[in-house]
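Structures given as structure tokens follow.
Next come two complexes built around chain A: one with chain B, the other with chain C.
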Partner chain A sequence: MAPLLDIGALGVDLATAGGSRRIVDDLSLRVGQRESVGIVGESGSGKTILIRAVLGLLDPPLAVAGGSIAFDGRELVGLDERRFREIRGRDIALTTPEPRKHLNPLLTVGRQIANVIRAHRDVAHAAAAEEAIGLLRAVGIPDPERRMAAYPHELSGGMCQRVIIAMALAHRTRLLLVDEPTAGLDVTISRQILDLMHQLAESHGTALVLVSRDLGVVAHYCRRVAVMYAGRIVEDASVAAFFERPVHPYSRQLLRAAVAARDGAARERRSSALLPPAETGCAFRLRCPVAVAECAATAPPLAPLAGAAGHAARCLRAAAIAAGEIAA
Partner chain B sequence: MADLTLDLPRRTATTDFVAFARGRPGFLFGLAVVALSVLLAVFGPLIGPYPTETALPGQPLQPPSWRHPMGTDVSNMDILSRVIAAPRIDLTIALVSTAIAFVVGVLLGVVSGFFGGGRGVPRLMSEGIMRGADIIQAFPVFIFALALVGFRGPGTENVVAALAFLNVPYFLRITRGAVLQVRERPFVEAQRCAGNSELRIAFVHVMPNALTPPLANLSPTIGFSILLTSGLSFVGAGVPVPTPEWGSMIAIGASNMMTGQWWTALFPGLVLGLTILGYALVGDGLKEYLDPVNKR
Partner chain C sequence: MRLLKYVARRLLVLPVQLLIVSLIVFVLVRQMPGDPTFLYTGPFATTDRVAEVRRQLGLDEPLHVQYVRYLDRIAHGDFGLSMRTSQPVVADIRQRLPGTMELILYSVVLSVAIGVPLGVYTAIRDKGILNRLVFLYGMTAGALPDFWFALIAIFLFFYTLDWLPGPMGRLDLMLAKPADITGLYTIDSLLTGNWAALASASAQLALPVLTLVFIYMSLVLKNTRSAMEDMLRSDFVLYARAAGLSRMMQWRYALRNAMPPVITVTGILTWFLLGGAVLVETVFAWGGLGQYAVQSVVNSDYAALQAVVLLSAVFTMAVFLVVDLAYFVIDPRIK
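Coming up: the complex of A and B.
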């Protein structure tokens, strides 16, 4: 089956006074129908820009500079704004961190959900309100008839997140982009929210792209994971393969750091972690423990690993690392 | 089992407002002035003890007495009756012109603020609006109003038109400022993600969230418009005599003041000043009341 979302060699440029800078480069990612993919990476690695590019919401000075984004076989790069608007919110939806800030403070939540319904379907106000009550019930908000009349400031953060989910699933959404679902929520609530999201996505047949800094969340809710570093995907693997034997040195450091944080172990102090990505060659080489002279000369492509289907890494020494010849 | 009930005083918008106003004597005074001016605008001409536009038989320029608490003017018209009849014309002009300026200014402010950062035609429109506002505001207000009225001739509608025209840039700027802040808030982007059109976002989601500053400025603008109306009438470019109007009453009385008949100009001037003060105080209070940071 053709992938639902097929991003190929996407580039995003940031226009600055001194010329343009490539901040997302050669980014390829496929998301199958009903698949759930996690995107992890540190701040500034380009996760949010990727999401905005998919939604066609990059504003100057940011602009897509080459590559393609195909959604359900339809090219989104350069798509007419009016056409794009039909897709946004109907076929592709977004949930955001800080849910309350993403709701209009002057409208009741019921009204806002109804608005989303009416933005894409020609239904009467009353029918949309009726549907909105159903959605509120589906996202587990008690007493939905009464909550319809509540304003965002009258609801808790978790409730607001549920409202956002209700809005995101108001249509038969094909692809749900989930940006930092756990930010600003406590552990129990974020667990509930993620479970809800996951379960609704399953029952709706919606594919999930889950952007998170939390590897645990990705491990639990995704089937595949893509690691971003400096605007590129450096490793793309199934969750099982990734957590069992990550290949890219960056992924390995990321995992080690997460494990150390969980175990409360003494923090691994690496002054190299503060180094910025390299401008030429492999972006990670300055922080990489196994970098060789060749890494400075050529920027490696995202290449599939021999003998491991669906596992790709952007590293010249991936084969050696995977074979256990060198320890990264 | 004991029935656990919690008796909290019911909090509604009204109780909130009363609690807010209670501790602010200036605001209360302003509210009283505004309420009184509105009452007088409706009933004023009916309340006064004497006719407001016809001279009474007898001596002109009588000092304040029990028969004429504010005295009579040079045409032997009762000043009190005229002072309390004046809000009808003054307030009507101020209200209508401010309302027009508010609507036009807010709409233009949303357009210029929301589309200001973009490119192409919307950007040009936004820039055009702002340069137009610059031009209007480059002239001294009173001189410009005088020129506008002089151009079209005196008369109530022309005063309204001139004041509305002058106040548009004012509302435009404060709305634009608010819109520039609101449009950067996350929920605007969320509405974009939900598939709303830019126009719908601008007027359904951004505009209502940017209304507080222009709303809070309604009251002072009304007060200022009353002052400007009186000013225009004072120099003879506003409401024609003998319609009771504070500015023209001051103008009529000014020459008598020189010869000792102080009451002719003093009382209309005093009432005019108090009225403007009241509207300004209400504006200050509302600004504070509507600001979510200061609230409770």
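Coming up: the complex of A and C.
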């Protein structure tokens, strides 16, 4: 089956006074129908920019600078604002971190959901309001009739996130982009929110792209994982393969840090973690424990691993690491 | 219901605020150099005569006694006689306030009616000829003195082109004043169907209003533009866009959220024009309240000055009460 979302060699440039800087580079990612893919990586690795590129939300100084984004066989790069508007919210929807900041503070949440419904369907206000009540109920907000008249500041962060989910699912969305779903919510609430999203996505047949810094979340809710570093995908694998045997040295560091954090162990501190990505060669080489001279000369491509279907890494030494010849 | 409670609470504080203002004004006015006694007696009066007049005016009493008397009189609606015009201050103000109000009314309404749409437009499109013109205008208007612009406008539209009448007050001298209903000539003549007076009053208003709007609209415009630009960059507008809402809806979300600072600056402009338009009033021989206030200061006209300042205080409080009410209506977060 053709993938729902097929991103190929995508580049995003940031225009600065001293010329443009490539901040997403050679990024390829496929998301199948009903598939759930997690994107992990530290802040600044380009995860949110990637999501915005898919929705056509990049404004100057940011701009797509090459590559393609095909959604359901249709090319999105270069689409005009009017056409993009038809896709946003209807075919591809977004949920955001800090949900309260993403709701209009001066409108009731009921009205905001109704506006999203009416953005893509020609229904009367009253009918849209009816539907909004149903959506609020579906996302587990108690007493939805009364909550329709609530303003965002009257709702908790978790409730606001549910309102955002209600908007994202107002139109039988095919692809749901979930940006940092756990940011700013406490652990039990974020679990509930994630369960809700997952369950609604399953029942609607919606594919999920889940962006998170939390590897545990990705392990639990996704089938595949893509690791981003410095605007590139450095490893792409099934969740099972990734957590069993990550290959890229950055993935390994990420995983070790997550395990240490879970176990409450003293965090491994490396002064090298503060180093910026390298400008030439492999971006990670300055922080990499197994870097060799060749890493400075060649920027490695994202290459499939021999003998492991669907597992790819952007590392010259991937084969050796995978074979256990060197310990990264 | 919520609104009524809010208004009631605000109105309850009003008398207290006024009392404080009246005290401050009363004391400060008497600290000014100059003695009104000599206005009565003339410069060549004998010492006995001066003392007698001081006694008659009550100026020989201690300050607190004078203040209590003053409060007692204004409680009965008596604001005293103006020493300069020999008229009751209330009559003077009734004559002059409407002229200033009429100027303020049209200047503020037009500033908002033109400034807000222009501000929104320039925030939405950051390129284009109109945008450059508006930028140039914003720079210019902020740097020009209003009375100077008034003189240029008179030179151009009256002296050179002869499109509009000269700076001769609020109405053609040959016309009778329209019936006194609100005191605003345009409105009174409209209400009574006095078309000749309406035409003349409007023509007389054109240049001073043009001046004030040209100079002070830039405040409204710049505030609208910057507030709108901020809101267009906000997370909730970005999300509205991500959810597929139309441009128009995104702008409406942004505009509503951009309103509070625009309302504030409109309030400030209204308040400012009550006294701030005095130079423009002078240029156009408008005979408004600003001019009256200045003459009262120059002539140590205590009664007139006190009344004008108190009136300004009431006006200011009223303006900002309206501003707060507008906030209250727009923003559900205000309790």
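Just a few scattered comments:
The definition used in the following text is that the second predicted complex is superposed on the first by the 328 of 328 C-alpha atoms of A that agree within 3 Å, B and C clash if a C-alpha of one lies under 4 Å from a C-alpha of the other, contacts with A are read in each partner's own complex, and residues count from 1 in each chain.
By our rule, a contact is a pair of C-beta atoms (placed from the backbone, for glycine too) under 8 Å apart; a residue touches a chain by one contact, two chains touch by 3 or more.
The structure presented is a predicted model; accordingly, all values stated were derived computationally and were not measured.
Aligning the shared chain A places chain B and chain C in steric conflict. Legend: residue contacts after superposition of the two complexes on their common chain; A:33 is shown touching neither chain B nor chain C.
Touch criterion not met for A:48: it reaches neither chain B nor chain C. When both complexes are overlaid on chain A, the residue A:105 reaches chain B and chain C alike. In the superposed pair of complexes, A:192 makes contact with neither chain B nor chain C. In the superposition on chain A, contact of A:68 is made with neither chain B nor chain C.
Of the two partner chains placed by the overlay, only chain C lies in contact with A:151; chain B stays clear of it. Residues common to the contacts of chain A with chain B and with chain C across the two structures: 55, 57, 85-90, 93-94, 96, 98, 101-107, 115-116, 119-120, 164, 167. For chain C in complex with chain A, the touching residues are 234-236, 238-247, 249, 253, 256-257, 330-333. Across the complex, chain A meets chain B through its residues 55, 57, 60, 85-90, 93-94, 96, 98, 101-107, 115-116, 119-120, 164, 167. Chain A makes touch with chain C in their complex at residues 55, 57, 81, 85-90, 93-94, 96, 98, 101-107, 115-116, 119-120, 151, 153, 164, 167-168. Taken together, the chain B residues at the contact with chain A in this complex read 119, 185-187, 189-197, 204-205, 208-209.
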